[in-house]
Amino acid sequence: MLELSGPIELSDHRYGKAENRIVRVYRDGARHEIRDVNVSTVLRGDFADAYVSGDQSKVLPTDTQKQTAYAYAKKPGPQPIEDYALALAGHFVDAIEPVASARIEVDEYAWERVEVGGIEHDHTWVRQGTEVRTAAVTVAGKGSAQRAWVIGGVKDLTILKSTGSEFADFLTDEFTVLAPTRDRMLATSLAVQWRFADTAGIDWDAVYAGVRARLVGTFATQHSKALQQTLFEMGKAVLADFPVLAEIRLAAPNKHHFDYDLGRFGIENNGEVYHAADRPYGLIHATVRRADAPEAGQAWEQ
Amino acid sequence: MLELSGPIELSDHRYGKAENRIVRVYRDGARHEIRDVNVSTVLRGDFADAYVSGDQSKVLPTDTQKQTAYAYAKKPGPQPIEDYALALAGHFVDAIEPVASARIEVDEYAWERVEVGGIEHDHTWVRQGTEVRTAAVTVAGKGSAQRAWVIGGVKDLTILKSTGSEFADFLTDEFTVLAPTRDRMLATSLAVQWRFADTAGIDWDAVYAGVRARLVGTFATQHSKALQQTLFEMGKAVLADFPVLAEIRLAAPNKHHFDYDLGRFGIENNGEVYHAADRPYGLIHATVRRADAPEAGQAWEQ
Amino acid sequence: MLELSGPIELSDHRYGKAENRIVRVYRDGARHEIRDVNVSTVLRGDFADAYVSGDQSKVLPTDTQKQTAYAYAKKPGPQPIEDYALALAGHFVDAIEPVASARIEVDEYAWERVEVGGIEHDHTWVRQGTEVRTAAVTVAGKGSAQRAWVIGGVKDLTILKSTGSEFADFLTDEFTVLAPTRDRMLATSLAVQWRFADTAGIDWDAVYAGVRARLVGTFATQHSKALQQTLFEMGKAVLADFPVLAEIRLAAPNKHHFDYDLGRFGIENNGEVYHAADRPYGLIHATVRRADAPEAGQAWEQ
Amino acid sequence: MLELSGPIELSDHRYGKAENRIVRVYRDGARHEIRDVNVSTVLRGDFADAYVSGDQSKVLPTDTQKQTAYAYAKKPGPQPIEDYALALAGHFVDAIEPVASARIEVDEYAWERVEVGGIEHDHTWVRQGTEVRTAAVTVAGKGSAQRAWVIGGVKDLTILKSTGSEFADFLTDEFTVLAPTRDRMLATSLAVQWRFADTAGIDWDAVYAGVRARLVGTFATQHSKALQQTLFEMGKAVLADFPVLAEIRLAAPNKHHFDYDLGRFGIENNGEVYHAADRPYGLIHATVRRADAPEAGQAWEQ
């Protein structure tokens, strides 16, 4: 039993305001546009006194961070979310002296314009899909030493293929009872994040649309020997097409769909009736990157 | 203080298997189809002995109800959900002697075929929207005395309009501090159920698509003096267009979006920046029906 | 195909403010008390014009209902929740002319005083248990015609017994594959509501504590031939001990715990290792009442 | 715009089975004991071929990981969870050749023995509290090079104090509108993890109980100038009392309770009626450690 006796220290700290639920309407004329976001702010810096002695004199209240997030939703506005997050993070670092770095995380919920009589309506939408576009931006340092990192992403992208997937020839031990299969259903709910090599000159919306299409297209067309392989191929396809990306991280629960045993009732079931299980689920992670990717720095630090 | 002394009796009872998560794939050729449903069964009948004396001899296990729900997912299959529920409910009433009535509730999750290179993929889909199609079917009675009721529906249909809504000229009392407004955002998550006048000769899918379009279209185009008015107009529009419907019930949380006070910071906010609140929320209910609607019978009994 | 052509009418309606999250602190001296509630209001009455013509002149805003719920949290205060709900419902019916009846539903979250050095702390608590105490109160009618109904309850009361439960000798058909068992785990999450015969002279807190103890004690000690029997015995035990109660409604998911098959690995499993399944689950309902119970009237109307 | 052209590589990967819901009953005699856990496994190692070429020959299926988690729930059993996780992680590293390291995360749900007539019941329990005990264990390396790290923890520990908290004298800028306060309610839902300096000779249950008591006691008795200060003092108190701990990480949402403005209605509100807000919320992190703490190694790597 190892017992320690050294001094007790504050070794890390950060704070912010989480989940500011901001809706922004652009009303230039009769045809409105809408952006619906969930914004979280995190500040790092010279805040140790607040912890150690209770001195709040360098602490920008989380309420102030909230006000600022709403103010910046007017201008520059949350469109696209990467630029909004860069502006908001930059403000905290530039304007608030004790702030060494600021991280802004944004989830964006998509809305789809309603059609009435075949014509798109000017100011009415329904929520579109379950998937959420994400951005995580960090700005660190003052003046000419300032650095910025941008991570784009998508989560809750639920996707399923009813064939073109197998799992066989795996390692076995005394606890292995799983039967190999050459044709199974494959379903997952993707959480993917891509790190940009730099932050200048990017068309964020175009990259988002393109990455999503490559993820979905690869999942569909790549014959899957395992979810591991599928993830790697998805990541590889994205990086190949988008040289502005340094790295991509994919996490995928294997949402198991079990063939239901109808043979007991004299009913044939050729991959037609499945039970969709809740728990447990496989959980697969992969990171794919360019060998010449710049250092990640604080990009992934939450 | 009123004290009772009469005999203690079992006055009502029912039981079933809830939330069978069934996925059905139709694989006639290379192009598959998919239906993803959550099925709950409820049986009423001669089951009092199971409660009062613990005698299970008339109780069909909930596990058996589950097996049957999966077996019926092969044939007739859950397409459309109203016919599936009618068949499954009919089976329980017809084949299981103690069953007096069966209620089947089905939630259906929509999937959208993935496009790869502009072409629809044969066997890959992503989850579509947040809304859920619902059916609640009751079959009661044996032989020629048998009756059936079908309720179609939609829930979690999240819809928002950024103008065309007001709330003013309301009743006030000493606790009223709300300011009237002539232009506000209106957002809700609709839960709607429509009762069919009869169960014969209905194109369930066509009615679903048509009702959904009328709900959405009316929400968009009807200037709203209150969510109450909007709900009534939506229900009226649906009944007017679908004479096969007897009654429609609408429930709608008023998902408040508050104009954010940016004036404190010298920033104009003309209905552009909103805070989307979680709780509390207004909750409005309306039932609209045809005066010549047949009696609801057991249609709404859960 | 039956088609209707009668006039389209508003046949039912109600509205209110849901989920007001109110915390009340009683600070008479250094030792504080706390009550943490979630309050929903529902009004019925002369509100058809708001729906049919958009005329809001008789509509008390849901925002006003919210303000009133908070004001009544000061006085009389939410302690006990039944009296609070009676007062708040009575206010809406008495003070607001168009209101015909008001229903107040309250969930109460329990907090447990922290102990420091073996001594109860004056003003610090941790959340206690997962269960929620509930009340649903309806007041209808003006002046001497006024009536009131009170329903107490508990929900999310998760309870489990590791033996003393069986399920056997049940009905079988061609879809029955379940094996009978003489010893199984029984787990559920109870939702129970009890209707009082009258509203005068009741010690609400004492009834709540007593009913909860009878529910839990009966679940523990009654050998279970099925969850149905357990529910009936619980209801019977409560009514037998509390003559002020007219009726009790119990709903219980059968949270299945499956014996895990370790025999495949040469490991004996004598009811020791279980898989706790999520879905599907059995769902059992029972209502037990006194034969001389007064009519329920609007007590159960939500 | 920086564009990369280097080779695309798999740079990191891991996989496992998440959320195995295992319940273990100890039935030595009539008085049973229960442990209710949620177990997730993660393996790292020589699995790149599964990703890059689809070769599964070194992949131990996640289904096998599940079977093993259940088998180990019989022996050694999940009591305490730290020992169970060490045994299970050790098995994967020792017995499965391609595994370089294994991480086991366990959540444990507490159950409280029911009392019937003042006597503890032998085999019936209700769920206790909302808080969850956690463990995260990593074992890496083969044979004499093997290392192990243990992190204990608690999450969802919801705690509130109705006085003894202030927030004032903070930094202000043009977006600051928050008023300072010398007396406010402070509520949070703690997530805390403590890293052990070593894994030998620890009484895991005693440390858990002791740490929890110190966390709760410090929250109660330490006058709070900010949640930051409270967290630091909690961490410091724990490390001071438990020299077997190297480091403690605390995360705490500031669950805002706003004084409700009843003055508008002529009602005094001296910290008695609060609105409990959902979102946004402050989110404060602190890490406290011993200066002589051994390196964290893979302890925190998920």
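For clarity, chains are labelled A, B, C and D in written order, and residue numbers in each chain start from 1.
The rule is simple: a contact is a pair of C-beta atoms (placed from the backbone, for glycine too) under 8 Å apart; a residue touches a chain by one contact, two chains touch by 3 or more.
Everything quoted here is computed from the prediction, not taken from an experiment.
**Q** If you tally the C-beta contacts, which comes out ahead, B-D or C-D?
**A** Of B-D and C-D, more C-beta pairs in contact link C-D.
**Q** Report back the single chain whose CA centre is most distant from the CA centre of subunit C.
**A** Centroid comparison gives A as the farthest chain from subunit C.
**Q** As a quick test, compute the distance in whole Å between the mean CA positions of subunit B and subunit D.
**A** 38
**Q** In whole angstrom, how far does the Cα centroid of subunit B sit from the Cα centroid of subunit C?
**A** Computed from C-alpha means, the inter-chain centre distance equals 23 Å.
**Q** How many angstrom lie between the centres of subunit C and subunit D, each centre taken as the mean Cα position?
**A** Taking the mean C-alpha position of each chain, the two centres sit 31 Å apart.
**Q** Scan subunit D for residues touching two or more other chains and write them down.
**A** In subunit D, the residues touching two or more other chains are 20-21, 67, 71, 175, 177, 264-265, 278-279.
**Q** Would you mind writing out the residues of subunit A in touch with subunit D in their complex?
**A** Residues of subunit A touching subunit D: 1-21, 40, 42, 47, 50-64, 66-68, 71, 95-96, 98, 167-173, 175-178, 197-198, 200-202, 224-226, 228-229, 231-232, 235-236, 239-240, 243-247, 253-254, 279-294.
**Q** Okay, in this complex, where on subunit C does subunit A touch?
**A** It comes out as residues 174-175, 177, 264-265, 278-279.
**Q** For subunit A, which residues are in contact with subunit B within the complex?
**A** Listed in rising order, the residues of subunit A that touch subunit B are 20-27, 32, 34, 36, 67, 70-71, 73-75, 111, 114, 116-117, 121, 123-131, 157-164, 185, 216-217, 219-221, 257, 260, 262, 264-265, 267-278.
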